[in-house]
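Shared chain: subunit A. Partners: subunit B in the first complex, subunit C in the second.
Right after this comes the complex of A and B.
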């Protein structure tokens, strides 16, 4: 008979039930969700703080309860002193020096970091506790830049206010063992919430989102072999025909690639499984 | 031995859509012993054949070959979810017919509920009436229960089939308490402003019109994302007309929860697990470099690994997954190289840098270095080094979690390269993955660590005589 040490949460988290192929495991699902394939796992962080709802991909407050309703439209800029965003820095001109990359829609050049990494430490140390959350004092429809250091003289002066909010545990609790379970807490994400921000329909994403996302799940370059120069030669996965063997860059218009309509109507007949790098069925 | 608490395992099961009549057979993924740098090998594994009329497993068999499709349709991946029982503070074991009987209970005493939903339209429109939900139960029988998505904004009588659930009737040979979720066919559904015709549409993108977009009802047909901070990121990710207006399409994917309940000695015990239904894993012998499992590990265990957990084997697994990713990626195109003399031939991270931030458009790496085979060879060399016990020297070139905004020339070359992360900028691994690699890198050049197995079958379960 099988058994698991109840305290071994990893074993439960990664448990593969009898009869289940590996593609049923979280190990097979991508997590660089922008927005994702199986899930938009960014939605795990919507309800991280009791009383407010965060945008899954931004530090923008989209919902609030009771007196916290007033925070809707504000931005959560620091949690326990940790800034929730980073500035984009790079050159704008050939040979130019790197500088903050700003635009009219992002005057501070601020990018909200994914919650999974930016909240990892505070979640690990303070789940279930109140933590200081620093919000912009005013509503902020555009991204706002602040650093980890409130005293940083280079930071623009953004007025903020601090609220102590409870950091909700991600995992459910065992009443018997007084320990965590391996299942995501019900209040963290209700039915439909882990997929709600994916494409509708998902088939649209197979054209919409290009190859720099999820090549191990949605392949890009297949049937690859070295050519006479020793360079790679292969097909674009979405190519209608496999001969001639050439990579057709997806410029959004090339009729040699599957169209949105092809995918909506017959993705199962058109798309190929790729095993050993080659077309397979 | 008492039953103190229930669990549903796996706690998160992924189903994969497909319209073929027979679910995908089971298989293992493992390193090829004669080609450890090559593709992982798929080997047929013990598969349950379920008689859906009787609700029982009739046999367990190992298929001779693996086929992912059947007559032009994809075979759905239909996971089993098992109920486990905490029978002492140190013992978690499968709930079986026998264990139930020892408590004076039978399989009929297990009550199931199932609730999945597709809230994609609601996420855009914000209208509660656009939520598509399918709720079943409680049930204790072994019938095949259709999962039907209902929505206030659907035309009368219209529903989206989201698959089936079945409580598998335990037998002496297959005594465990388990439920199977068979997902939907992977079809597209449409919207209309006038009542849909009785006959099924032909020659359309969708298999049925379900959504009522008549005046005063749903707004999904013709909807357009506005330039406000509440929209999805990225925005405009739905089927749309040339003018950006939504075509009103829905799909039959979903996610949700499955609940099991049992009354033991007058006490109601309950547990829940989660399921999702998404597209097939189209390269089943490859795995993404950063996965939902990595997210769950970090959320569960924190951003740092213990020293004894930091092994070459785990490091090799991350590098192997990176190799499996770039192997299926045209790295020359993704690097922003001119192709056929033309710059910016495709959507790439290089183009996104310019579109999103105004950064100068230029390839990430030297164009002559990034052919797919050269990049694959580099990764294979790292795997070879790791398998020979060499420390993870590449730790220094990893992109740190808080370097996602570094679009300097050097910053863009960090690893993983050319890929997009969940924040829209360059992908970073989880902090826990990075910590693992750095801890291994700090050790001596040649440690006595074991190489990776490359298998994706490990569950830390123990077997004991029954």
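Right after this comes the complex of A and C.
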């Protein structure tokens, strides 16, 4: 047995398994799952099926082993009879009528569903087993739409071929307990894979997310004070000069704001610590 | 075996394995044999750092979860009203001195009942829960107060959207059939004081005229036991040197249909009469363990066995509850005397030591702060050196202030047994704790 095993709830709650860094604890994590600051959860889906490598957020095949190499560039359109994408429907323009949202680069209006949801059912019932996987017969650089039911008269009749591939379980199995462990199976994500493709918050992602995601941990309106009219006055956090005090909207071109290049080259030099909402020296 | 060797850990052997309790968070672990033996050996040495080094190595270090800071201005959550400071029984050991708390027999006036209930709801915000209990003396000697208090509480509960629960502790001699309907309607937790089978109960709980009370109590309570749905009827046994045969008592009361049966040792009586001493506490521990073993047998076999001390211990150990105070007394829970004086709890009614203001002016926050600072378990001797300090949390304030701590070995012995029993039950009956079975057939 293990040297030590937490038994009651308080022991389990505070237990830190060997090897997990502090950033894995809920209280120290930002915990957005992708692209992620601690890990990129989507990287799980690369190796969901034995023999092929999938794009983490698309049904596009990016790698294959042995005879499955031929599938690279094809799309996995159904798993166990279930489509991996949906058609996006809505107005093209504000106030317009709802229609399939097609474009030159997406003629079917197909959007691959996020894998953890679209595969939940299959994973729950058939992990570890061979499941029928339906691929486009030809390479498909652009998204392809099929329906859940190939017998449906509206199904676009894309030419496909079916391969029986083994669906890998997400969790490792304990040989002793004959039960799953709270650990990700190594063949699903090898060392380092979960921490690929992380955010670069200071150089890029804080700016990209504007004030939608990061405001809690990084104020984007700083040195704020009430003025004589009772309105607030302050600086946009990326303003090169702090006078005059005004909020400059970020259109990506305004030279009064730091550029991406500034940030990528010297974010730690250009940005200041903000303490209590104000620049600190 | 349960003696405190080190305040930072306690080692336990059970048939289910080797266990480690860390008081900081009351975290319970299983250990393998070499680790257990290394800790055991370290406890035996004079090198104070060796235990700490081993714990560090196990990666179980954690900043203290219980701070030195006393609880500050806790919101009021529960009041017990001494609606009748008088009693028709003459139990020799009664902390309330036959109901009158050393004063004159009196009833709580209706105005005081209503003021108390208003105080209970005054600062409660929607969604918070409050409890109103009726004690005495014998509370059923002032039925009007119980009815008036309950009616107002129900009204305020609806108006303020603050759910309320009711409880009453009674000697059972005055319960009438219509009381059963009233308790059922309002979902009362009814606790009946019963000290054992008839001969021993009659010896300990006679009427003031010296007659036994058992037969009338059972006759009155039987209809409640038969009809309880929303109301829950429990038996509470005060253990003295005269009723140490706990197992037959427990089985008799469980057989009668009580939803819960619990034992409390008598550690303090105003005259000193019938208090348990060290030899009696030893006997009581053996009896408690015998009851606990029966509980384990029943749970393993899939039956209910409502032995309250064990049910509570299993629940709290499983959660890892850790607290700096033994109960809510003087914090979220206060007692009210018939005169409307607030006290740290029902036992401190009329006692200057636990005075906490009154129902008109409200809680005396200064007195309360002093009480909470004083009663924090870190301030208690020898608790601050004991592994059980966040499980027992220093013991009943009233008993400790009036008598001291004669029962530490008993309490630790009981907790040690409970930890072993938990170690066994969580393996054999994980579902009792809401844990899915450890071994399932693989889904993949």
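The working rule: the second predicted complex is superposed on the first by the 165 of 281 C-alpha atoms of A that agree within 3 Å, B and C clash if a C-alpha of one lies under 4 Å from a C-alpha of the other, contacts with A are read in each partner's own complex, and residues count from 1 in each chain.
Assume contacts are C-beta pairs under 8 Å (C-beta built on N, C-alpha and C of every residue); 3 or more make two chains touch, one makes a residue touch a chain.
Just so it is clear, the structure is predicted and the values come from calculations on it, not from any experiment.
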**Asked** Given the touch rule stated above, what does A:240 touch, subunit B (first), subunit C (second), both, or neither?
**Response** neither
**Prompt:** Counting only touches as set out at the top, which of subunit B and subunit C does A:173 meet: first, second, both, neither?
**Reply:** second
**Partner chain in contact with A:128 - subunit B first, subunit C second, else both or neither** = second
**Message:** One more residue to check, A:181. First (subunit B), second (subunit C), both or neither?
**Reply:** first
**Message:** I'd like to know which partner A:80 touches here: subunit B for first, subunit C for second, both or neither.
**Reply:** neither
**Message:** Quick one: is A:261 in contact with subunit B, with subunit C, with both, or with neither? Answer first, second, both or neither.
**Reply:** first
**Message:** After the superposition on A, what does A:158 contact: first (subunit B), second (subunit C), both or neither?
**Reply:** neither
**Item:** Those residues of subunit A which subunit B touches in one complex and subunit C touches in the other
**Value:** 1-11, 13-16, 18, 124, 177, 180
**Residue ranges of subunit A in contact with subunit C within the complex** = 1-11, 13-16, 18, 124, 127-129, 169, 173, 177-180
**Message:** Under the definition above, what is the set of subunit C residues touching subunit A in their complex?
**Reply:** 19-20, 22, 25-32, 34-35, 58-60, 62, 317-322, 422-423, 426, 438-444
